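The two complexes that follow have subunit A in common; it is paired with subunit B in the first and with subunit C in the second.
What follows is the complex of A and B.
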């Protein structure tokens, strides 16, 4: 093993753009990967939580005396046993680890039982006596925002609000040729990652160690340390291989409970959610109510949008405030709109908590803005691609938040490429009964909205040319370890096999923030890139001395130093050993915080450093007897800046498309008085293999100059326009506009029944002036 | 769970004979994971809906979360750990890696065993046959595209291997 990648400097030798196989692949196909539920420490105790069945109540007392008598039970803990602060939350600390006096949702944790066997725990949980007094709850946002509604927290159920004002939307609407107004509603959805939440904890040498399925180990450490009232250095959170997250493993699940039990008992403890508990306890995708008005001129050019968004965040804020802020910023879609009036509200209710889920509030908006684009196009008799091309953002355009987009604006190219591919496939222009093709476009800001979200990384180039990268970035299955390895390998000219990425362990790796907001390739990728550059600079300094060549441009390839694009006789090994002799270590550290600014009171600012763009085209056939929709083909063109690993970009697109299809047609968390009625995979329908359409990913690369090798992100964009495209296709197939997700067979059959007399063009709220 | 008299089981797990005295109310998945340390068999739902716990019983794919201990008596069980010797990859495993069919990997062991059962019966399945075979195995990450491609690639690999013998 030479350590060095063969070949010279020409692009053909680059590892960027190569579909390198994932490092964790072999263990995964062999079944050797130890997920959190597979970990064990001899003598570990088990934990189980008693959860509230009622959504709103005053908790008077929790009597554990009978439970403690059950043989095999070691301890039962309640809120009174928490040594530090009993409040967690990524944005607002409003959620108790164990409820002390007020139950706010069905599923709130009331007591934690620790014991030797699952059987003992089950019995003990049944024997805990709860004394509570039910209170009237609020289960809809309209009710929650109404006068005199019972407050879930504090005085008022409006948790936060965002407003964006640009130009004069009212004036522009009144002078417009076409004005379309609709209300859109979307459902609550579940992530349904295949691996339920799980973890293991132990106290070793005074350090509380937690191994857990998570998307953000450094956040977990902060919450555990606050809850236990111990220094952060005394908590070590190690991300176990994680069986999917999609945003649902960003919040605290088992982390604090496990840490509390280990801390109190001094014994190793283990906890695994059952599927039903995962449903009941984890955050969901926000249901939105969106009132949307769009106005355009006679050519279909957008003049103004007026949008009001209300999101039900349930009992706790979780990522709600950020989700609704992001919804407002993205509400107008990837289009240049000179006048905008947008408000969004994040509202507390006694429903299950809604937080982050792939797309972060934007899939809802895409469903709405893409329906609006089709309605405008239909009113003017223009083609859906044409109206989008006419309005899409171009370099130099200004967004609704006043941000000037200077470069890497690939929306136009995604529309053209998606259209061309759909054409090639013969999807376009073949009218058939109950058959339709729909278009969905989206944009997505990479990283947190107008807030700092830095990532750090350490890199160590070892004597033999192998590299260790330490990063807090949690790989939840999407393959960030591999992407980061490729970035390090490229910069240092080493073989990809010789890069070891150790990720997501607060004991050794710097904070990289959450694996969310499609940010890790861009943000952690940049951190690793700059750590690698630092090491490269150290090598270059030494090499210049050996070569006696001032400040020539040096590179490192195939184990040699290259000067001005030409190979020299000096090997990189000589350089490293030269450094060693002088006592210089080839170590680097990097950190990156996307350049962005917060939004002012008018919603103006530069909320993201860069945006990804996409266009998807869906082809559907509707069975008018059963109301069932078959999605036949999906074309998905995504501007990712640069595809570091094309196979994994495709994997993200394909997975996102199918999840988006589930969101469009099947998935819905049904509630009755705040209680989930379908908390099982038998009742919550996920797309299966037989439902899966043909998916045609098209990778578009509009390089982002601030991204590592030009890369942006793709994880969430993959899903965002899918439901929009499918819903538009159904509307084309039937001539009926569906404004509520999911578009179920029941909704289709009901709409078909009253189709007579229902004409899109004459619908009351589409006005045309001549 | 009610304590019951231990039930004596003799079965073959991954080629070795296993003798156990177990509570007859216990599930096969727990015996594999807890008693035999075969944690490659995953639990995604515990009620037969996800297929993450798929193992082969006498060559047929079965959800180990739905099988009770006595039903394993006298049977031959293959888990992901038993598909190939320790340091080898089965052509299906190779194909999953090459096709990029693995993301989080939680569905992977069950998918691979289901694929094995399919390819043992049908050496050249078309797309529909593959999709039908894995319809009881959920994957939330991949959209199934690369999994279907991997299984068809595995069929080709196996056929090539046959041909070369």
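What follows is the complex of A and C.
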């Protein structure tokens, strides 16, 4: 039996690398897809949450008596009604489903109202009497880390810290030709998925069933079962078609509230966040303060980095500890740096919770390390592409965590291909006034950082040739169902139309972990691949009997059995039915856990099995009178290992570029005393189609031998270098370095004023010296 | 969620005026609803009575009569984008209407609503002020016509009684040798609230010199402001790049004075120079340097 790893992949017949159309595409375009808010059960009650308006307070009491008198109200629940553990959290269980005694952020859930109409809920929420005493809060990381700051949890606001020590950074800095030190700051950002959080729950035969918009149904089940104090066999979570997540639907939103209401009332219940509620309640992208020192020799070769990162995780940990750990690991960028001293801190405040958001703490770092690379290049008069090519990781290089990268290190090729495409497009010609071209590079470890993150898959081959794939992997719109179908179809040699992927249902599918960390193509893809291999073994045994061909080299392609590279007359369908007649079921199960290790106290280890790489080049024009930036073109070269579905890869790249452009120029959650000032899409501005630049995706394939058909991941990498490239382009256009995101027209005009004022002064002083 | 209120849908303007005269306050008129409905949902308004005039097609007409261009108050922004009467010098009306919100808002929102709502960032207001527009207001007992610049209050808002309906806006058609343009600065290129907007109307004499120039700015005060210092600099001159520099500088100074110590002042007084430059160059290419014309 052969497989792609033995060089057996036949490009002529392969479904890998084909842009197979998405099964869900047509119904989504036609508006026929039923999202969680569209689901209904006759007689379902509605739920609404009363949320705290204040960011820090002692909650003395919640009086629901007046609310219960409102006609149409069925019940009002508070923390006292929760039968199990009132604490959830993916890494640290520090967040209450309903607050019992301490409010830690504006938006904390205080009471849950269940009723027959939305109108009744609205009135009832207003009639709940809250008795609380406000406490002084902490609203910046500096304040929170200071001596005697009020603690958000426990004794200390430093939730977690990571340090990476490699070589002797201080010694290397002191011997360097060029040393550049800057402080970078980045903003809080909102995911702003099209579909706000929503779900439906019902109790059927003692099982609490929840249909919900989510990125991780198996995690949801764990938290619901703990919160209700019931076994997991009594909870079933089914992922509803999900209208985007970007990391914001990894945490618990409506899941536990719905389950509690259904469990208590015994009736079906439904809940849909309004946009403002989605803004207020969901986690955000961490704002960072980054102090960054880079040192290089006369040729621009990096000698050392010293980096300190502080991230504001807000009131609850959410994915914060993992975000800041990942930030530390990726802080040096995709470059070989022999000496590194990196520390990162995840800090509690009374601000909105920050958690996972596309890029997982790395877009902030890319903004910083790419600015540093340009500053070093400028100091030495080297071209931005040249300094990156001189430093980028190559096979055999060792990362700052001491990991030796043996293969699939595509950063060099992405720099070259991005540069070549930019050249072809005429982006690198003679510089024009107020035009700038900027480069951004990134690397991204696929899967969780130094922690097990397995995925499982089941596979069932039916007699008519249908392949059923059961996977916990939540397709949140990125297209994992199609990618997994292609992997199964390729390995089993059946047509893609015959594969049915049933995903994200804890009642039928094994746990595949979160749809996060750009991991599902690599991790769940491998699980499906190994399940398919198992089934293929069964088929091969039967095929050998039918063909009477002993140990001959067999394979399955386009529905037929192939022997020694030649097609036979025997179909895969015949093989399956042959098995069936003998009572042999063609079932397979597979699982995969990326081969990685934890980090030791010095931050050394192999935190990821593989990394994706990318280089983006941005071309901008800056209006120096209004400060407005127009992004004209973006070239985005991404090493994805292997593009299972190139159209999906390009779609991810284009969407990521646009989202990254919003992060670079527009998007910012504004806070005042921990309260979001712009919790609406009319005030939190995202780029629109008329702002979109020309985007030129370039797919680079440096196969990953441990990946399914060589694939790695692209979901997050698509966005990571965009803000870096755009900020660098603006800096090139104006000759001014911007160290704070987003680069708004106000910041640009203020910097121009400062510089031109400075220029006038320096001209005067030059004259004086003469 | 919408609050509850009595909803009326009169079949004619006369019926609407009678209703408005008799209904108790608080009452609100509903045209396109793009401002009213979100305000109701946010709980900012609690009218007891809402009178919808959105079905009154008699108020949607756009026509030219006796040297006047007359626009029915219920004309949607999208109705203003294409008509031939908004080509040439009058194109500033179409340019402003075409940049409001997105397609859905332009199909729904009306010019009358934009005027009565009187937002400091209302995009139709600077062009209409620059064109010297008047509004016609009806009530059961009669009607009145006032200049738009007087209709808009100095402290914001519109001077309209709860019994009145704005039925029409009109302005004198510009002579043949005239030019006009509109420019908007938003944070993004669509669905953006104007941070600064500018509209200009230029009338030339037979020698190509500027006989009269009007420049109206939006979003720098409670209502659109004309910039007399800049207009005076332009009067009697031939458009040229040097002249533009003087004008732009004077606009910047004027806006600096207008905005005083507001938090947005330092940005806007600088950025308005760019907006003023763009609007004048768009109206008359002679304001551009030769290099700029070639791109």
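Worth a mention:
Just so it is clear, the second predicted complex is superposed on the first by the 743 of 770 C-alpha atoms of A that agree within 3 Å, B and C clash if a C-alpha of one lies under 4 Å from a C-alpha of the other, contacts with A are read in each partner's own complex, and residues count from 1 in each chain.
Basically, a residue touches a chain if its C-beta (ideal position, glycine included) is under 8 Å from a C-beta of that chain, and two chains touch if they have at least 3 such contacts.
All figures in this text were calculated on a predicted structure; none of them were measured in a lab.
Contact with subunit C, but none with subunit B, is seen for A:750 once the two complexes are overlaid on the shared chain. Among subunit B and subunit C, the chain that touches a larger number of residues in subunit A is B. Once the two complexes are laid over each other on the shared chain, residue contacts for A:31 go to subunit B alone; subunit C is not touched.
In the superposed model, A:625 makes contact with subunit C only, not with subunit B. Contacts of A:666 after superposition on the shared chain: subunit C is touched, whereas subunit B is not. By the touch criterion stated above, A:242 is placed in contact with subunit B alone, subunit C being left untouched. In the superposition on chain A, contact of A:685 is made with subunit C only, not with subunit B.
Shared-chain residue A:119: touches subunit B and subunit C both.
The residues of subunit A shared by its contacts with subunit B and with subunit C are 119, 682, 688-690.
Those residues of subunit A that touch subunit B in the shared complex are 19, 21-22, 24-35, 37-38, 119, 191-196, 241-244, 246, 272, 274-275, 476-479, 647-648, 650-651, 654-659, 680-682, 686, 688-690, 692, 695. Touching subunit C in their complex are the following residues of subunit A: 118-119, 122, 623-628, 666, 682, 685, 687-691, 745-746, 749-750, 753. Residues 1, 102, 185, 187-193, 266-267, 270-271, 273-275, 277 of subunit C touch subunit A in their complex. Across the complex, subunit A is touched by residues 1, 33, 38-47, 49-50, 52, 79-81, 89, 93, 96-98, 100, 102-109, 112, 130-132, 134-135, 137-148 of subunit B.
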